[in-house]
C-alpha cells in the first residue's frame, strides 16, 4: 500500500510542490531529447530509403567521432578534420553500397538487419584499429558554463543548450530537405515503392549512397556533440540503444516522429527518473523509455504519426 | 564454385581448431603469470593502462633482476573486453600454461572475479583481486584462495566517511549532513551501500543512494536530483564513461569539486582528462601514489623504454591505473618470492603461490628496495585477514596531475570486519564450505 | 470426407443457414456496405457479383468476422456472428479462400492442407513434444484425411513442395484444399477462378460442383466470369456501390434492368 | 555415391513423416550423438569448460529463439532477460528449497521463464515485426533492472551476484565449482539433445504448423481457425522455457556465478539472434550450426595468429577479429541469406547426386 502510494501519489504531489525542479528536468530532458532525435533520424533515413534497420548507426557515431578526433590528434585543425571526416563518411557510404547493399537487394528486413550487425563489427573494429581504444578528449570550442534562468531557480548549461540547438538545426535542415528538395522527394519515393521509383528514373544506387552519406553526417554530428560531453570512446556506440525507444514511439519511417518521439522520450525518462526513480530504487531511465514506448504502441500500433492500418485480405 | 570454396574453408577451420588445442610448450624455471586484460571495448580506457602496468613490471623484473631470484617471469595476455563469458574462456585457456600452470589470476573485473572465486579452490590457483571483487573474501577462513589486499570497498567506504568527518570537523559534526553515494548500477557499484548504511546509522548522516545505469552516458536527471538534495559530500563508485560524465555534470550544477570524492576506480587520468578544466579539484581515493616520480618508474623508463620518457608517457607510465597495474604486479611477484623462500627458486604451482600470498609480508625495506618508496604502504597478509585493511588516501586532480590531498586514512575495522565475517559465513553455508581454523 | 448430410445428385436445397440483415460497414467516411440483406440456404451455391469495389470481399470479410459491420446483423445457424472473431467462424464451420492467395508460403502443400485440419486435432503440448502414442496416431489419422483432399484435388505430385514455388493455378487449388480440409459447412470462395486460363477454370468449376454435390457443402462465391456464375450458382446476389442491386436466380438477375445498367456502365465503370 | 536413398521406399505415412527419412541421415545423426557423448574422453578442460559447454547452452537458447522467431515469426530481443529469469529462478529454488532435485529445479525455472515470456508476449497481438523486437527490449531492460535492484532475487547477499550451489544427480556432482567439466558437459548435452528433439516434434506437428501459419500470414491463419493470441503466447512460452532452461544451465553448469550483466543485451540477446539468422530461421539443426559458428569463429580467430607463430598485440588481434567476423557475417548473408540450414540442404542435394552432375 505504502509502495503504491509512493509511486502513484507522492510523485505527483512532489511535482506540484517543486515546480522548478520539474521545469529543470523537462528542459534537461528536451535538450537530451534533441540528441536522441538526431541519432534516431539516422535510423529513419536509412530505413526509409532501403528498408534497412541499421543497427550499425551507433558504430557509425563512434567511427565518425573517432576519425575526427584521431585526425585532430595528428595536428589537423578542426575544419580540416571535419572535411576529412565527412569525406570518410561519404567513402563509407560508397563502400557500403558497393559491397553490401548491392548484393542484398530485395532481401528480407531481418537479413538486412543482420548485415548491418556485421557492418557494426567491422566499423567498431576498424575505428579502434585505426585510432585506438583510449578515451580521447574532443574540444570544439562550445562554451561550457552553467547559467541561471527564472531567477536562479533553474540551472542550465550553455553546452547543453548549444548542443540542442545544433541538433535542432540539423533536424530541421533534414526535414526541409526531405519535404522540399527533389532529392528528398526522390528518397521518399524510394521508401514508398522501390519499383515505382525505379520506373520514374531514379537510380537506386545514387539514392542509397546519398542516404548513407546523410546518415553518416548525422552520425558525425551526434558523435561530436556526445563526444565533446563525455570524451570520444567506445561507449558512444551504445547510444544507439537510446534511439530505439524513440523509433518505436515515432515510427521507423517518420521524420517528424523521430523528432517528437525523441523529445517525448527525453523528457519522459528524465522526469520519471527524477520523481519516480527514488521510490523505485533509481536507474529506471533505460527501461522506462522502452516501457513508455511499449505502452504507447499497445494503444497505437502505428506509432505517433503513422496512419491507421486497415488490414485487407 | 562458391560452394566448393565454402567447404574448403570449413575444413580448414576444423583442422585449425584441432591443432592449436594440442599446442603446448614446456620450459624449465619459468613462472607464468596470466593476464586477463581489456584493451578494447567500452572499458578499454581503464583497461589499457592497467595492462601496460602489469606488462612493464613483469618485463622489468626480467630485464633488471633476471626474473624473480633467477626464475624468468613469463606472461600472456588474453582479451576479455570486461565480459564474463570471455573471462571464462581466457581463464581456461591460460590456467594450464607455463611449466607449473598459472601462478595466480588478476581478473580486473568484478563479474569475472565472482565467477572465478568458486573455481580457484578446485583448480588450486589463487586469485588476487586487488581492491575489487568480493569484499567478504577478506575472511581467509572461508575464502582460502582469494586475496583482496590492501583494502576492500567496504574498508574504503569507511575510510571515506572518516575523511568526510575530518572535513566536517569531527565525527559528531557528521550528524545531519547529507551524503550522496552515486554509484554504477551493478554488483560492483552497489558493493559499498550496506557499509554506508551502517555508517549512516552510526553517525547520523543522511545517506542517499543514486544509481546510474550502464554505461552512464546520461546522468542529467541524477545530477538534477543531487542539485535538489544539495549534499554536503558526494561519494562516487563509477566505472568507465560514467566517471567522465559525472565529473562534467558536477560542473554543470556548480557542485564544488572538493566535496566530490570518487572511489579508487573513479580516479584515474582517463576519468578527468576528457572533462577538461571542469575536473580541477576533483578528489578520489587511492592506495598508491600517482605520477612517474618513483624509483620503479625510473627503472621502467630506463630498462623498457630506453630512457625515452615520451614513449613511456605514450604508454601511460605514471597514470593512476598504470601504477595500479605495477603495484598489483609487484604484489603478485613478491608473493612468488615469498613462496620461493619456502619451496625453492624454481617454477612454483598455484598452490605454492597461495602459500606465498598468505604469508606475504611487504615491509618498508622491501618497498624501498623495489623502488616503491612513498608509493604504497607496507602490507602483511594473514590466514584470517586476506585484506589487511591497508590505509587509503585521498588524491586531488589539479588539471595536470594527481597529488595527495589528505593523510593516510585507516579503515574502521570494528565496523567492517563483522560485516565481512557475516557475509563470509552466509557464503560458506550456501556453498557447504567449512571454514578452516587459522590458529 | 465431411460428415455433412449426403445429398443425392440433383441436390435438395435446405433451410436458411445464414441470414444477412441490413448490414452496413464503413471505413472512415467510405461506405463499403450499405444496408445489405440476403440469406444463404443449406447446400446451395450462392454467387455474389458486382463491379470492382462493390463491396463483395467486404461482405465475405464481415461473414467470417474479419470486419465487424457497424449496423445490421449476420446470423449463422441461429447465432449472431457479426461480432464474432475470425477463428470463431472457423470453429463454427466456415472456411474461406482469398482473392489474393493467402497461403502459408514457407510451408509445403501438405502442411498447408494440414493446417486446415488443425481445429480437429486435440492432442496437447506434452504428447506433441513426444510425437508418440496418441499424438502420433492423431497426426497419422489426419494425414490420411489430408491425403484424401490431395487426391480429390489431384495435387499428389506437389505434396512436399513449398507452396511459394508453385504456379498460380496450383496455389489456388492448394488454397481450396486447405479450406476443404477443415470440412466446412459453409465455404466462402473469393474469386476462385481469377487469373486462370480456360482449362484451369474448368477444373476449378468441377471441384466446386463436386464439393457441393458430394459433401453438400454450402458455397458462397464471388466471381467475375458471368458464364461461370450463371452456370453453377443456384442464386445470385448483385452488389453495386455497397448496395444490394438485385437478388434471385441467375435468370432473374440476368433480366433485371438495374443490373444491366450497372454492368453496361450506365452509372459507372 | 554412398549417399543414395534409392530403394528406401516409404509405405506408411509414419515413415514418410520421420525426422530423418533417409537411412544414411539417421545413421549419421546417431553417430554424431555418440561422438558428442565421447567428447569428454578426448577433449581437454579448456575445450569442455570454455567452449563446448558454452556452445551447448547457447545452442539450446538458439533453439528457443528460433521457435519464436523462425517458426512463429515473432521477433524478440528479450532472450537475455528470459535466460536471466531461468537462472535466478533456479538459484532461488535450489537455495531455498532443501533437497530439491536439480533437474526438477532447472525445469521449474524454465516454467518461470515461460510465465514471464507470456506476459511480455502479450503485446505481440497488436505489435509486429521490428516494433515488437524493440518492444521486447522493454522486457530485457526491465527484468535485468529488477534482478539487480530487488535483493530478494539474490538472497540479499551484499555482492548482488548469484552463485550455483553444489548439487548432485545420481550421486555425481553436476553443479558448483567441484563438479567435473565432464559431468556438466554431459548434463548440458543431454538437455540439448532431448530438447532439440522435443522442439523438432513440436514444429512438425499441429502446434508447429499453427506457428508457421501465423508467421507466414497471420490473417489467413486466423480465418482457418488458429487463435492468434494463444498461438503466439504459446510460442513465447515455449521459447522462453527453452531460454530459461538454458539460462539456468548457463549459471549452474557453465559460469558458476554471475550478476545480471552476464545476461545483457549484446552478450546474450543479440548473440543468440546472430546464431539463428546465420544458422537459418525456421530450422532446429540450423540453430545448432549457427551457435557453433558464432561461438567457434571468434575463438578460432583469437587463437589462429599465435598458432601460426604470429605475435601481434592483444588489442590489434581483437580488432582484426571483430573486422573479420563482421566481414564473414556480411559475406555469408550475401552468399546464402537463408543460413547454414539452407547450405546444408544444398550440400545434401549435391551429395545425393554425386558423382553425377544431374
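Letters A, B, C and D mark the chains as written, and numbering starts fresh at 1 in each.
Following the convention adopted for this analysis, a contact is a pair of C-beta atoms (placed from the backbone, for glycine too) under 8 Å apart; a residue touches a chain by one contact, two chains touch by 3 or more.
Remember, it's a predicted structure, so these values are computed and weren't measured experimentally.
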What chain lies farthest away from subunit B once each centre is taken as the mean of the Cα atoms? C
Averaging each chain's Cα atoms, the one nearest the global Cα mean turns out to be D
Weigh B-D against C-D on C-beta contact pairs and write down the one with more. B-D
Taking each chain's centre as its mean C-alpha position, how far apart are subunit B and subunit C in Å? 72
Computed distance of Cα centres, subunit D from subunit B, in Å: 35
Using the average of all C-alpha atoms in each chain as its centre, how far is it in Å between subunit C and subunit D? 41
Where the CA atoms of subunit A average out and where those of subunit D average out, how many Å apart are those spots? 32
Subunit C residues touching 2+ other chains are 66, 98, 102
Where in subunit A do residues touch two or more other chains at once? 128, 133, 281, 283, 286, 311, 313
Please list all residues of subunit D that touch 2 or more other chains. 145, 149, 219-220, 223, 315, 318-319, 322
If we count contacts the way the header does, which residues on subunit C are in touch with subunit D in the complex? 64, 66, 85-87, 89-91, 95-96, 98, 102-107, 111, 114-119, 121, 123, 125, 128-131, 135-136, 139-140, 143-144, 147, 178-179, 182
Which residues of subunit A touch subunit D in their complex? 53, 99-100, 103-104, 107-111, 113-115, 117-126, 128-129, 132-133, 241, 244-245, 247-248, 252, 280-281, 283-284, 286-287, 290-291, 293-294, 297-298, 301, 303, 311, 313
What residues of subunit D sit close enough to touch subunit B in their complex? 43-47, 49-51, 54, 95, 145, 148-149, 155, 157-161, 163-166, 176-178, 254-262, 264, 267, 296-297, 299-300, 302-304, 306-307, 313-315, 317-319, 322, 335, 343, 346-347, 350
Along subunit D, where are the residues that touch subunit C in the complex? 12-14, 17, 198, 201-202, 204-207, 209-210, 212-213, 215-217, 219-228, 234, 238, 282
For the complex, give me every residue of subunit B touching subunit A. 39-45, 48, 185, 208-213, 215-218, 220-222, 224-225, 227-228, 240-241, 244-245, 248, 251-254, 270, 273-276, 278
